[in-house]
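I am attaching a structure below and will ask some questions about it afterwards.
Chain nomenclature is as follows: A, B, C, D and E, assigned in order of appearance, with residue numbering initiated at 1 for each chain independently.
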Amino acid sequence: MKAIPVEAGLILAGTLFMLGLISVLIRRNIIFMLISVEIMLNAAGLAFIVAGARWGQPDGQVMFIFILTMAAAEVSVGLALILQLYHQLQTLDGDAANKMKG
Amino acid sequence: MELTFYVASAIAILSTIMVITRYNMVHALIYLIISFLAIAIVLFVLGAPFIAALEVIIYAGAIVVLIIFVIMMLNLREETVQQERSWLTKDIFIFPAILSAILLAEVIYIITSGEQIMLDQPSIDSSAVGMSLYGPYVIGVELCGILLMSGIVGAYHLGRQKKKIVHRFLEHAEQ
Amino acid sequence: MSKTDFLNIVPLFILTSSAILIMFSISVKRNHKMIYVITALSLVADFIYIVQYNAKIKWVIEPLFVFDGFAVFNMGLILMTALAVTMISFAYFEQREERKEEYYILLILATLGACVLVISKHFISLFLGLEILSVSLYSMIAYLRRREKSDEAGLKYLIMAAFSSAFILFGMALVYAQCGSLEFNGIAKYLTGYTQIPILLLTGFGLMIVGIGFKLSLVPFHMWAADVYEGAPAPVTAFIATVSKGGVIVLLVRFFTLINGYQYQSLMLIFTAIAIASMFIGNFLALRQRNVKRILAYSSISHIGYVLVAFLAGGSMGVEAVSFYLVAYFITTVGAFGILSTLSDHDRDADHMEDYQGLLWKRPWTAAILSAMLLSLAGIPLTAGFIGKFYLIAAGVNTDRWLLVSMLALNSAIGLFYYIRIIAVMFERHEGEEERQDVLHPSVYIISGVTMGMLVALLLWVGVYPEWMMSVIRTYVHN
Amino acid sequence: MVLLLFIIILMAGGVVAWIASRFNETVGKIIALLTVSADLALSIMVWLNRQAYLDSSQDQWMMRFNAEWIPTFGISVSFALDGLSLLMIMLTFFLGVLAVLTSWKEIEYRTGFYYFNLLWVLAGITGVFLTMDLFLFYFFWEVMLIPMYFLIGVWGHENKTYAAYKFFIFTQASGLLMLLAILSLYFIHGSANGTYTFNYFELLNTTYSPEVGRLLMLGFLAAFVVKLPVVPFHTWLPDAHSQAPTAGSLILAGLLLKTGAYGLLRFVVPFFPEASLELAPVAMLFGVIGILYGAILAFSQTDFKRLVAYTSVSHMGFVILGVFAFNELAWQGVVMQMITHGISTGALFILAGSLYERIHTRDITSMGGFWARMPFMAVIALIFSMASLGLPGLGNFVAEFLTLLGSWSANRTLTIFAAIGLVGATAYSLRIMQKIYYGEARMDPHRSSHSQDLGTREKLIFIPMVLLIVWLGVYPQVFIDTAKRPVNDGLKLSEQKIRKSFEAREAVLNQKGGAHE
Amino acid sequence: MEKYLWLVPALPFAGALILILGSGKLTKGISGFIGAGSVGLSAAISLVLGLQFLREPATVIQQQLWSWFSVGGLSTNFALHLDALSMVFIFVITFVGFLIHLYSIEFMHDDDGFTRFFAYLNLFVCSMLILVLADNLVLMYLGWEGVGLCSYLLIGFWYKEEKNGYAARKAFIITRVGDTAMAIGLFMLFQTFGTLTIQEILNLAPQRLPMGSETGTIIAFLLLGGAVGKSAQLPLQTWLPDAMAGPSPVSALIHAATMVTAGVYLITRTFPLFELAPLAQNWVGIIGAVTLLIAGFSALTQFDLKRVLAYSTISQIGYMFLALGVGAYSSAIFHFMIHAFFKALLFLGAGAVIMVLHHEHDMFKMGGLKDKLPVIFWTFLIGAGSLAALPFITAGFYSKDQILWMALASEKGNIWFFLAALIGAFVTAIYTFRMVFLTFYGEEKTHVGHPVGALITIPLVILGILSFAAGFIELPHTLGHFTLFSDYMTAVVPATELSPGIESTEWLIQLSAAVLCLAGVGIAYFFYMKRTDLRAELKSSMIVTNRFWYSGWGFDQVYDFVFVKPYVYLSSINKNDIIDAFYKGIVSVSNFFHDAFARTQNGVMRWYIMGIVVGAIFVLSIGLLFQ
């Protein structure tokens, strides 16, 4: 584990983050948007691990665990909401949820 | 060791790309699991074995399964895939891709602009993480509990079905 | 954790235990009134506990929390605001057939999240506080499940908040990667060696600004605000507009002053641009809007822009001004949404202009209170909003932030238009139409009435005799 | 203490009137009337005791009142009364009584709230005239707006909402600029002297560089020229005046505009004499433009109240012309103009209101021949249109004559153009008479069946106004004497300041060894 | 008696006040009594004062009533100043005024606005008296504007006719133009002398203003502007013919005898200023000369009886100006007095005719009244003769002759002035007798109503006697050399300095004037009595000129085109205030922004997220750029 530069880890995290970002932007399916956000959160967690590894501190990993918790809570609430919305709109189209505008 | 890192990274990126381009949701989720597994390897390489395990267990295990469960609950059919295909045209990629590319370019530029630092710290094992977690960050852990509590209460309230039949056949029949 | 640590953290403890208590009581028997009382009592108790903190003593619970005057003051403010929101929530939820009780758990937890935010001095507590607040808010916004708008708003907020959280997290990770510390102090210490922020750190800050900007609904991260305000139940909207933003602002102030961001041109530039854009776009969006909740949403965008003026002015006066403005703004916003929720009927919130037509003649007191609130938002004398705005401008002038200050003045003028427009609608003569029947127990109205009365009294008191509030702020904020 | 009482009486009276009229509207009206009358009586008592003040030579101030308000910021409840403010508050209460009387029958709904607003506007105006704390000044400046906004917006005519907005936003926006200036003054003073205070007397001694002075003055000026109003910031005025209820127009024209003029005399020039001196030619030019522009526009209006509104624009041009002429004659002229314009234009607005009550229109093209039906009113109209064109023997003449006489020595060309404005004034004033009172009766008999001459209440309103305007016209000396000290002191102070800064600059120049030589 | 001077203006004022306050309650008898009585008392007082002045022309009575306003260096009092000059004026004003009041009692008897009429008339007399008695220019200005107001009110007395109102307005506005010039003159005077008290100014003038200095000239011109406006001289003469819309007594009193001569008074009063500004004084003469010609020719073509008289008034005041222009102040004042008598007489006579003929103004519809209305005819004839200056027997001859002589003989006079005056005299004779012949001779064309009563005839007779006899108080060298009036006037104005060696030609001039006058009468006789058939021919051969003269030399049209129309047009196109458009523009810009931003709030979540991303890029870019 000598020759892995910090940059490489961060770039990996950044790339994954951007991929999640692209996905959020292009997907109309709400579940996909949720998944994409999860990818982004995961990427952020990865970045913490990289940073933690750089300083040799456990803090990064602690943070990762908290992110994990948060992601789980988020997904659970999100899915509940999606279910609810699906029952009302009969679709998973995120763009269809645009009753409020102006 | 480095090779593992790069290979796993490549797999993670590739499978994530696959995730975001799939029409079928279940396929995408399978790619997502692959991606998570690859990231788990990366995490392991970076000296976080405990986190790697958590990645597999919670992300790939719990969260993805939860999503799949919901997909099953909604009983999405082939039309959804068709719909997804119609939504996911090429031109919809262009602008988001450009934006993200700019952002990525900026981030990469910034990340690489500094002097290169090698990750040569020893691996931080689960005990160290545990000591830290239940040492200084113990209130954080408790707050995590509160976070989960609010998530649960919310999910419970929102997800509760009131005499409403979820299955669409029955639903149609009822109408 | 020492005993003093524990004693200091009791406020959080009280809130948590009351949430758990409510859960228990729900499992025994659902009783809206009782749970409401428990909520209110716990908030009051918490506030009383907080009051006896010594403003001069700064107590640090390593590594996550700091209890200084600034934190304590804002915690008290948040608790009081939450109490006011609770007060207006009761009548609002009483007339809706949803199950009401979980709402209070979420309310308390969200308040807890905000409290954590204001006392945090560490990225982890920051993150956790923010997330407790957000996760509770998702459910609160979507709480009225029968309303399509409510769901839609909840989902929008959820996806976007998570999205912005990802930004914050990534930003934090970059900061951490650069500094090797998750603590504000550590970052500040790292930065003392630099006259210019290292670029990676700046990027981290930038990404965090995105997240913070989202929470504060600053331009260009503001777009969720109107939809969420419109979809959320009125008391929840009040909560989002006040407690959730307040907590974040306090955090921002703490962090920014600690790292002394004023010396970094790029950060100042970013915030200046954001502040000006927020003022303008918020005001312009509200200009001809016909939905009252959306107007308030857009106005909140510009108001946070105003707060940024004092924030950017910095110095002790800037911090005082921010605190004072938050007080004024909280009173006003809760008041406005309180009126809005008392006017809301069974099916929907009273957010159309038409709902207010001729209100002054139908329900003069309600209209008078709402007028007072709107005038306060507009910054007219005799109201807290005036002194608040005065304070902001004073802070800005004090440090020669002429651009920001003049923008503030200009925008106040633009903003007047839509506030008085609502007032003008209330003054229109309204013919016919029976007065709405009271459907609830009169005591419910008395409670809302008393709450509103107290808010308006506070508004006028702070407006006419601000010295007291100022001296409180001074004692707490200076240390 | 009396000074505080002036305001408290009004504010309390407003609240009591509001409450009382929930039970009985007449009682509310009477309370409102009594309130303002009490203030008027009080001010007359002060007026009668002014001799000692006139004779003494030490203190410029007849009365002072001081109390802490927000010590943190150095804000105090500070009032002071000198001759100028005495005249202004007497005018305020006089017109206030008339405003209550004019509203007696005109306002039919929500009378309680109406009188509340009316009295609070008066309170705000009184505050503006009396306060000696800049924060408080701004405070009152704003306080008078909101009730006024309500007066226009609730009880106004067909286009009231628009007019009310316009009024509010114009005055607010400009007021904010003044706030900025006040604050900068506060901080400049504070950082220079160490005491942070909004006190007028303290701030008078602030010194600043010419550039800063210029900017600060523009801030103050913004508020005042919009209020005055000076062309091109006047467009709120015709709308507000024509849409407001009669009493609203009366107060707007009679008092609110005067706050702008008062501000110029009290703040702009004493605070920034140098910058004012620099600006004087431009300001005077704007005054002249206002005189002529207002006159031209007034001539073509068909809405009576709008016409009168434009005459106000024209008349207020004299004020700014006079203020920036920097001499005693012009300033006395300005003070006189403030008073006489308040009465004469106020009377014209009341006339418009009385006509509106009878025929329900303000369109002068559909009027005509009212002399035969309403000779008394016609005589009143004649007197006040003559006042408005500056006929000697009525107050406006003295005002305009002194102003022009004063401004002549400051700037001849502009004075000539201003004097030409008198011809324009003649044209529009006579047009009022011509269109409304001369000619055949054009109203069909059915509509104008109610057009009776003035009733007792209306006579009670107009006769004091006539007497006062004649008094001002033939024996203005008492007013001039009252305003003498403030005017002279203001001028002396600014002169001293200018000289001091001039000397300072000279000294600097000398030190540099006469760089300009 | 001196200390009752203030009563002279105060009595009419009190009368006016009573009449205004009592309007609607007083009977016509009482109103008339108060109106005429108050002026009559004034007249009595002024008569007594006048006798005193006759004994001692150099008397000066000063009376300070109260301090008006004193600011800075300016102190202005309500103070009266009576000297020989103002004595003549107050005598004429009160005396002629009294007669006209008497006349009006009968003339206005059937009018609804009887009381109002007397109120105005009294107010006018009061203002006019203040004008001439004023001790300072500001007070004079008060009177000056006061008479303007009364003139306005009285021209528009019959307010139901809309055109009367317009005529009144025109009169007021045009005179106001002159007044404004005068006001500016006052400012200059104050700046130059530091006072506005007339006597002080006159005393200081020689010290402060060198001969022909620029300031002095400008001041004189500005004062002249005021005089020109009030006295209906070129170029501000156009209001006077229209002012005939008022009742005839008004025309007699205000628009012939008194107010219009205020300009003459002003110039005479301030003559030292004019003496110090020869250019301005020369222009006084030029204006007078041109005006008298223009108005004379216009009078030739009028067919409204009162308009003829109006133009003749303009023309006669032109003579006075001419006299002033050549420094013959006493001649001007003399002519003023005589003119006041005969012109009042003519107007009153004309008014009586018009009344009798049921408001018929057109001379061509009159005729043959000689026998029906003998008293009116004879008195009118005397007046006309005086106006035409029939040699030797009329007062007008003596006063006008003096001016003709002075126009040539004075040091400041010249041959052009003289020629203009001479031609003017000729034209005057023509139109005067044209008027007489058309009105009183020939066949009767309109039914004659009630004959007039005593209250109308008595003033006519008194004025007739005066028009006939008053001339004898001042006889030229060649005809007895009786200089009562000019001697009297030397107390206030200097005697005119004559060009050396010109005395000998005086008889020649008188002769030529007399001949021309008679020739004019002859021409009128020829065209209007003898060969009425030639009239149409003459008219058609000179149709353009005729129309041009008839319209008063086109001044109205020019002013209409140059001033009135543009002003009205400018005003009407800008009725909605162009500046407001700017603020409306701000509003629409704001609305545009609102719409633009509102479009971003389209409710689509992905779009919002896009916003966040753009924001992120923005933030990072700033970070990168301004690191």
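Here, contacts are C-beta pairs under 8 Å (C-beta built on N, C-alpha and C of every residue); 3 or more make two chains touch, one makes a residue touch a chain.
All values derive from a computational prediction rather than experimental measurement.
Trainee: By the touch criterion stated at the start, how many steps lie between subunit A and subunit B on the shortest route?
Mentor: Each step joins two touching chains, and the minimum needed here is 1.
Trainee: Tell me which chains count as touching both subunit A and subunit E.
Mentor: Both subunit A and subunit E are touched by B, C, going by the contact rule given at the top.
Trainee: Could you name the chain whose Cα mean is nearest to the mean of all protein Cα atoms here?
Mentor: Chain nearest the overall C-alpha centroid, as shown: D.
Trainee: Centre-to-centre on C-alpha atoms, which chain is most distant from subunit E?
Mentor: With centres defined by C-alpha atoms, farthest from subunit E sits B.
Trainee: Roughly how many whole angstrom separate the Cα centroids of subunit D and subunit E?
Mentor: 38
Trainee: How many angstrom lie between the CA centroids of subunit A and subunit D, rounded to a whole number?
Mentor: Going by mean C-alpha positions, subunit A sits 64 Å from subunit D.
Trainee: What whole-number Å value describes the gap between the mean CA coordinates of subunit B and subunit E?
Mentor: Each chain's C-alpha centroid was found; their separation is 101 Å.
Trainee: Could you work out how far the Cα centre of subunit C sits from that of subunit D, in whole Å?
Mentor: 42
Trainee: For subunit B, what residues touch not just one other chain but two or more?
Mentor: Where subunit B meets two or more other chains at a single residue, that happens at 95-96, 99-100, 103, 106-107, 110-111, 114, 137, 140, 144, 147, 150-151, 154-156, 158.
Trainee: So which stretches of subunit A touch two or more other chains?
Mentor: Within subunit A, the residues that touch at least two other chains are 6, 10, 14, 17, 20-21, 24-28, 33-34, 45, 50, 52, 54-55, 57, 59-60, 62, 66, 70, 73-74, 77, 81-82, 84, 94, 97-102.
Trainee: Which positions in subunit E touch two or more other chains at once?
Mentor: Within subunit E, the residues that touch at least two other chains are 598, 601, 603, 605, 609-610, 613-614, 616, 620, 624.
Trainee: All pairs of touching chains, please: list them by chain label.
Mentor: The set of touching chain pairs is A-B, A-C, A-E, B-C, B-E, C-D, C-E, D-E.
Trainee: Could you pull out which subunit A residues touch subunit E in their complex?
Mentor: These residues of subunit A touch subunit E: 21, 24-28, 33, 94-95, 97-102.
Trainee: Which bits of subunit C are touching subunit B when the two form their complex?
Mentor: 1, 9, 16, 19, 23, 61-65, 99, 102, 105-106, 109-110, 112-113, 116, 124-125, 128-129, 131-132, 135-136, 138-140, 142-143, 145, 154, 174, 198-200, 202-203
Trainee: Please give the residue numbers of subunit D that touch subunit C in the complex, ascending.
Mentor: Interface residues on the subunit D side: 69-73, 109-110, 135, 138-140, 142-143, 145-146, 149-150, 153-154, 161, 164-165, 168-169, 172-173, 176-177, 179-180, 183-184, 186-187.
Trainee: Hey, which residues of subunit E end up touching subunit B in the complex?
Mentor: For subunit E paired with subunit B, touching residues are 610, 613-614, 616-617, 620-621, 624.
Trainee: For subunit E, which residues are in contact with subunit C within the complex?
Mentor: 590-591, 593-595, 597-598, 600-601, 603, 605, 607-609, 611-612, 614-616, 618-620, 622-627
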